[in-house]
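In what comes next, chain A is part of two complexes: it sits with chain B in the first one and with chain C in the second one.
This part shows the complex of A and B:
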């Protein structure tokens, strides 16, 4: 993986992390206010889930360069 | 009769709002892959100035802020510049330290003479 490509992947990872954290926070606030009497745990749960999704995406993205993909296997 | 339906109506409203929020989040690609997330961010960034303009017109503040000043600040560049400065000063530190010690010793020797 060239350094430029790696840099772009890390940029995407960070942006994705921020996006998913924000989305999780927003959804957590919505659910906490509507269903769980404004407690804190849904907010932390959803934010954590968002961060976890971003982590998994980043992991897949960084690993994809070293994996054999289906289109190459057919050859 | 109304007393029995009202809690149901409240629950239905809450479920609709929560479901709508989840649907909007999933549909706009906020919960998808990294590329979709960055696409959504770009769309949001592009949509903010026109939305701001509309809001300002609505409140009649258009005369006060004619155009948003183009802020040329890039956090990425500042961070990278900071990292480069730190590493370069760390790598030059031993040389500079020995230089300063030599200069200090020379100064003291001159004083003693």
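This part shows the complex of A and C:
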């Protein structure tokens, strides 16, 4: 059903966001622990990067319908 | 009440004025007082106006009645008030008087009407009363009946006018009385002219009269009655006559007997007296003679008295007989005439006899008178002589004849001398008498003549009377005979006339019969002809009708056969249509099998069935194949499920209302979500007939669609939802397709059912 798609998208977004945020957070923590002497900025950086990536993904996903993909364009 | 009101008004006015003065005075004192007085002033003013209004209305109502009526009609309880104030409404005094006048008029009119009918029958009666004089007796009788009829009519008219009751009685009796009088006259007339009336009636019975004739039986009855009456009268007359005759005869006989006896007694007495006068018998015989004479005298007197009384009685009887005869004459009954005549004859005879006897008695009496006179004279002379002798010789006794030896010579001489002197005297008287004889005789003759004359006259008179009476009787007898003869002749003549009349009538009747027969024959023949032609016409008509009916029946039969054939076809068609309809119904039913969430059964079978049942109808085939594949394969969703889905979808569409190709960042999503949260639109809104550009807002569209869905208009809802653009459109895409599918299927199904219905209607025959 078309109405469930949005919901699904949001689920994906959320899941993705959580994943990315978590991954970013983790990486950030790892990197901050490993490489950057437990500073917070790699955590925030990476979590932020993760969140941003999630946001971008979400947006892209949500927009995907309106965008003509290259394959379609070419076709 | 009005004055009370006025007084109240004045009092309130005074009070008001007083209060206003007070208030004016108090005005300076303070507002509070002024305020309260102001309020009271207001109240008082209001009361004043109300009372003034009421009083004014009452006054005006008194003056204008229409206004009063209007007020009473419109304002409740005003009647009571106005009634109290002015008394009851003056209810149109003009009209009732008029009504009374009108009601008075009809009775007077009716009286007049009644009077005119009464005068009319009276006039009729007078007119008819005048008629009896000139008209014949039969007309009289009939006019009497008409009078009776007229009186009956009058009474009918009068009785019809119900109000007037007292008048008909006198009118009726009047009419009846006049009728009766007339009838009495009629009766008398008829009784008088009875035989002529009878014949006239028989004559006039044949002729048609304007007045109704009495029926024959009535006439016969009347005649019989009259005859009977006559007979009764005759019988009574005869009886009375006989009675009186008998009594008078008896009385006359008695009288005659008495007279005869008297006559005899008188005769005897005179005879005896004569004897006594003339005879020179010895004294004893003389005395006996005298005694006899006395007895005879006594007898004579008694017999005379008896005769007188008998005569009186006889006269009375005869008078009564005469009166009876007169009365019976007065009755004027023809049959009694001979009786009357006989009675009169008898009367006459009796009268004659009585007169004869009376005359005899009278003559005897006169003779007796003469003898008595003679005897008286003789006695007187004797007496005188005796006195003379006694004067001369007082000692001598009465009977000087027996004195032969007792007288002395002196006495004798004296006696002789006296006798001589007496003789001389008597001679002288005789001479004188002889001288005067003639004169005396003349005088006596004269006297006798006179007496004779008187007697003659009397006798002549009585004889004349008798003769007159006899002549009259003779005349009457002759008259009676003549009358009889004439009657007989008349009867014969009338009989002859009647015979002639009957002959004539017979002839006339024969002729009439002939004529009538001819007429009747003619009429009969014409009628027969008519009947025959009619009969022929009727038969022809019948034949024509029959042929027409036959033709019609044949045509109908043909029509019926055709109809039946067409019926068969039509039934086939109907069956097919029914089949189609059933299959379409099955299709509809399968459509309804959609539950809340799941779609309906696949419509494959139903569609197959439909296709099977409409093999020869391209339209139906086309329709059946127009069903979308998906519905066939999968089935369709029901409207209810779509509705439910729509509501869940609506919120989603609201949320992504701002998102379209150009606006689809996450931030836009965020804004869209906030917009959805903050924007309140009506849940349902009726869509306008024309969508303007501002209506293309998602929220509005959704509310329109919601409204349509709520009202069961899926199509319009789908249309409206179709107007969504952008992400909202993408979200509702599926719902839209489903809705489209459902709509399509439903449309096809409805078309098919309409087609099936139409075909079914077309083939079904109306009852």
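Note that the second predicted complex is superposed on the first by the 68 of 75 C-alpha atoms of A that agree within 3 Å, B and C clash if a C-alpha of one lies under 4 Å from a C-alpha of the other, contacts with A are read in each partner's own complex, and residues count from 1 in each chain.
As a convention for this text, contacts are C-beta pairs under 8 Å (C-beta built on N, C-alpha and C of every residue); 3 or more make two chains touch, one makes a residue touch a chain.
None of the values given here were measured: they were computed from a predicted structure.
Participant: Given the alignment on chain A, is it a clash or a fit between chain B and chain C?
Facilitator: fit
Participant: Touch check for A:20: first (chain B), second (chain C), both, or neither?
Facilitator: first
Participant: Touch test for A:55: chain B only (first), chain C only (second), both, or neither?
Facilitator: After superposing on A, A:55 lies in contact with chain C but is clear of chain B.
Participant: Once chain A of both complexes is superposed, is A:6 in touch with chain B (first), chain C (second), both, or neither?
Facilitator: second
Participant: In the combined three-chain arrangement, what's the angle at chain A toward chain B and chain C (CA centres, steps of 10°)?
Facilitator: Once the two structures are overlaid, it is 70 degrees.
Participant: Should A:65 be classified as contacting the first partner (chain B), the second (chain C), both, or neither?
Facilitator: second
Participant: Identify which of chain B and chain C touches the larger number of residues of chain A.
Facilitator: Touching more of chain A: B.
Participant: After superposing the two complexes on chain A, what is the shortest C-alpha distance between chain B and chain C, in Å?
Facilitator: Value for chain B versus chain C, nearest C-alpha atoms: 10 Å.
Participant: From the superposed pair, tell me which chain A residues show up as contacts to chain B and also as contacts to chain C.
Facilitator: 58
Participant: Would you pull the chain A residues touching chain B in the complex into a rising list?
Facilitator: 11-13, 15-16, 19-20, 23, 26-27, 30-31, 34-35, 50, 53, 57-58, 61
Participant: Where on chain C is chain A touching in the complex?
Facilitator: 645, 648-649, 652, 656, 659-661, 664-666, 669, 727, 730-735
Participant: Along chain A, where are the residues that touch chain C in the complex?
Facilitator: That would be residues 1-3, 5-7, 55, 58-59, 62-63, 65-66 of chain A.
Participant: Could you pull out which chain B residues touch chain A in their complex?
Facilitator: 14, 17-18, 21-22, 25, 30-31, 33-35, 37-38, 40-41, 76
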